[in-house]
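Naming follows writing order (A, B, C, D, E and F), and every chain is counted from residue 1.
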Amino acid sequence: MTMLSVDNLSVTRGGLPVLEGVSFTLGAGRALVLRGPNGIGKTTLLRTLAGLQPALAGTVSMPAETMAYAGHADGLKAMLSVRENLRFWADVYATPDIAPAIEQMNLRALADRAAHSLSAGQKRRLGLARLLVTGRPIWVLDEPTVSLDAASVALFGTAVRAHLAAGGAALMATHIDLGIPEAEVLDLAPFKARPPEQGGFRGSFDEAFG
Amino acid sequence: MTMLSVDNLSVTRGGLPVLEGVSFTLGAGRALVLRGPNGIGKTTLLRTLAGLQPALAGTVSMPAETMAYAGHADGLKAMLSVRENLRFWADVYATPDIAPAIEQMNLRALADRAAHSLSAGQKRRLGLARLLVTGRPIWVLDEPTVSLDAASVALFGTAVRAHLAAGGAALMATHIDLGIPEAEVLDLAPFKARPPEQGGFRGSFDEAFG
Amino acid sequence: MMPELGKYAVTVLGSYVATVALLAGLVALSLWKGAKVKRALARQEERMRKNG
Amino acid sequence: MSIWEYANPVKFMKTSSLVLPWATGLAAACLIGGLIWGFFLTPDADNFGSTVKVIYVHVPAAMMAINIWVMMLVTSLIWLIRRHHVSALAAKAAAPIGMVMTLIALITGAIWGQPMWGTWWEWDPRLTSFLILFLFYLGYMALWEAIDNPDTAADLTGVLCLVGSVFALLSRYAVLFWNQGLHQGATLSMDSAQHISDVYWFPLLLCIAGFILFFVALVLLRTRTEIRLRRLKALEQRERMA
Amino acid sequence: MIALLLRDLRLAVRAGGGFGLGLAFFLIVVTLVPFGVGPEGGVLARIASGVLWLGALLACLLSLDRIFALDYEDGTLDLLVTAPIPLEGAVSMKAAAHWITTGLPLVLAAPVFGVLLHLPAPAYLWLVVSLLLGTPALSVLGTFGAALTVGLKRGGLLLSLLVLPLYVPTLIFGAELVRRGAAGMEVRVPLLMLAGITAATIALVPFASAAAIRVNLRQA
Amino acid sequence: MIALLLRDLRLAVRAGGGFGLGLAFFLIVVTLVPFGVGPEGGVLARIASGVLWLGALLACLLSLDRIFALDYEDGTLDLLVTAPIPLEGAVSMKAAAHWITTGLPLVLAAPVFGVLLHLPAPAYLWLVVSLLLGTPALSVLGTFGAALTVGLKRGGLLLSLLVLPLYVPTLIFGAELVRRGAAGMEVRVPLLMLAGITAATIALVPFASAAAIRVNLRQA
């Protein structure tokens, strides 16, 4: 069953097209990894899918309220404890229980620590636990394993696999190994936007101009 | 020739010891990689070496003004261009020229872009270019290759090797492969601070109390 | 027994009442917080003794 | 044995638990004795009428307000120089008492001003300096509250107390320069020419002693609480690390 | 949505920006005014209502600039926009939290500060009424300004520049209400205007704020 | 060290916190005052010098809170502390940059604003002199407050609470200097005091600020 389908999508950053003609579909229980060199437009693509910015062309279709997004920043409040941070997002998404997320991301020992006193990797783990409490089936993740040690990467792999097994789907951008060998890989390099002379899209201002 | 020697160092975070009895030396032309799980105290150790926080016990000896530190955050000003950011640090460290750093980190195409419009990996590359303009022989780096793609990791490896060949030294904490196989590795897990009952240090207040 | 305060009764009584109320409030707050912290510390020490 | 031994928290806890009951008892005795003496057994004054009785709360509170700040300055310096935790915690414990004393001086003064000067508040230098002192207390306490690492908070509030003291003093001169006031001069001096009559003087002395002892007892109590709180934090943290 | 309100209140209390601070700032402004304009009771009484209103405005302003900026910087705003609560509601909750931590304490404490400035006796009631009616509009307009400047570092001064002109009608009717009330004059017009402005602001401005945030995120 | 000054100035210009904004804020405060206190020229002239000084103080304050916070958050402060320039010098440069972007424009523009408030003619010279002598102290004390609160999110209001009481002597002598100068009275005492306070502040306070920053970084 297809949960997310992207058709001929072009995305812009700062008014300039960065990727064009991206198409893929994501079914229940499947994971897709986006790869590509720095600056190719992975973050831009994911933000577009998350609805944070409009697409230049093409269509994105998925059922409403099925997607959870996690970007480069974790969205943690430094002054709140790990538990309070999770509790807040659970309330926003109206999920009843945060205990499983704390267990799965191995945060029990840290649950009452203020977020600002966590190490870089511990913060990231909390950011991933937030995903679990959204209860959303489609995960859209931007470099989820940055700063994680090997054990935590494995933990993340387990969480993703459990999510897929429960009928979810995951779309992830990364440069490093996520520990999910069964995921398909989409290299974005071929979709790099061409300059207008070669038939690429024109930037928002170019277009209006000529 | 020894450039940095650390002897029986214990470091604290938030008033509590996290690592104890760490000793190593770093000679000219050598690189040392610190490893260890999230939260073991890599960042804390590096910050202590950089003089940002006092050590609990032990000694750190290195010649004055020989160390350049780069932490989790890059210290970039979003509103300044890549070139202006580098120029500023070059002025602070009184190094004459930023062109080689721009070349080495492949930033020429981005040189006049404002830092806020860089992608995560591009920002990181700029952070590393900053190191090159310090002109300092000892590099102390906290997870330098986060967010970098394979090509940029290789670029970083080349820069480190050039630095070592020029008689520099590098101390780096990381979870992932840095692409510098000749570096020695120090695993910090054995140095985890013991609780006081087992003969470990007491926290700053415990000490006064007991 | 009450001294004759004349037209300034409100002034004098008001000052005394305000002073005593503020001091009493401060003392009550200090005692309350003291008891609370003492209890919390006892609980914590107990727990740490049990766990090793 | 050096005096610094008392800066050891354990030693401090032991000694203070011995001193505390005595200080409390003495404070209660002086305070109640002095206030009763002053309130019931002193005559009205010609120029003040019965409002002269306000002096027994107003003046001791005003004196304590200043002296407590000085005490905080000294303990902050001890912390910054010798790093005795008890010293910093004593400063933290004293600040709310000082703030309340300032508030008492301000409120009783305002109540007193209404019949005497015909206004609740006048921008007289004495009153104005007290208002500024109150602000310094507020800032100091707010900074303690805002920082959650206890040693960092101790360091920063210590620096603030130091800089603040200098500027509090400067403000006093500035305010005097700015407005000559209505307030009473210092009649507490030992100079007999302007000495207030003994009838008021002795109960006032007793009240002042009472306020001082009250402060000592309360600051001991609060410092004990702060020490426990500090230890609690240290233990909690160690538990988490384990 | 209540979760957001509670979280913001909790953050305000934790992060050294709690209830007391707005008040303390207000007290300081009131203390500083006589240093500037001289201590004579007559002059002070004339300008008292204006000073109190200006103080409220500034206390509001100083606590505003980080209202969205913090959420923007740590990525929370991205996540909130993609969360299943309407952004307009989230913005209103932010404004409510801001009002509870700064506006409300000011309303309650204003009479005490009135004493310091020799505010004439009949003005006290009107001071409280005018602040109670007017300060919610200050918070809501403030969130609008904060939404416009959310992407900027050092938005502080720019924010004031955008927001202060929007405060003018509230300030005029608020201060006028106090002055007329104190003088025993007719107060119906400023009272109704003040209430009307606040009601309309609360109802409409959050839509503008939400739109501004969406635009700012688009290029982040 | 000059590099730091230049960088800060450039950032101020780029990031929407440049020269103009302090002035614009000042202008708005000056315009709002008549709305608050009523438009009679007599009252305005009496309070004009005080209002101008208070406006300068607030314009300073609003631009302060991010003075170190931004550098702290993006990691620059860590790097500056490990760089080969003394932190005390860096702090002074920050204060200088702040003064150039907020204090100096106010000094230059104050006479214009004086006109709006019917400032009496002989006061203009003294207004400029007092602001010129006094505002550097405001910037330096402001950096001290900013250094104390650098680790805190939403430090804005707390910062004001810490800093404003420190501004009292400067404000009093500054406003008094203008008042006396305008009235043709002796100005030597306030003039000397103002200059003395500013000189001592510039010489000593940066050490306290640098110490506060080091303490704050220790636990970062």
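Everything below uses one rule, namely that contacts are C-beta pairs under 8 Å (C-beta built on N, C-alpha and C of every residue); 3 or more make two chains touch, one makes a residue touch a chain.
Just so it is clear, the structure is predicted and the values come from calculations on it, not from any experiment.
Note on connectivity: the fewest chain-to-chain touch steps from chain A to chain B number 1. Within the contact network of the assembly, the step distance from chain C to chain F comes to 2. In this assembly, the chain whose C-alpha centre lies farthest from chain E is B. We define each chain's centre as the mean of its Cα atoms; on that basis chain B and chain E are separated by 45 Å. Averaged C-alpha coordinates put the centre of chain A at 54 Å from the centre of chain C.
Mean C-alpha positions place chain A and chain D at a centre distance of 57 Å.
Within chain A, the positions touching two or more other chains are listed as 13-14, 72, 78-79. Contacts with at least two other chains are made by residues 11, 15-16, 21, 24, 28, 35, 73, 153 of chain E. Across the interface of their complex, chain F is touched by residues 11-12, 15-17, 21-22, 24-25, 28-29, 32-33, 35-38, 43, 46-47, 49-51, 53-54, 57-59, 61-63, 65-66, 70, 73, 149, 152-158, 160-161, 164-165, 167-168, 171-172, 175, 179 of chain E.
Chain D meets chain E in the complex at residues 110, 119-123, 128, 131-132, 135, 138-139, 142, 145-147, 178-179. Chain A meets chain D in the complex at residues 109-110, 112-114. Note for the complex: chain E touches chain A at residues 2-4, 7, 10-11, 14-15, 73-76, 78-85, 217-220.
Residues 132, 135-136, 138-139, 142-143, 146-147, 149, 151-152, 155-156, 159-160, 162-164, 167-168, 170-171, 173-175, 177-178 of chain D touch chain F in their complex.
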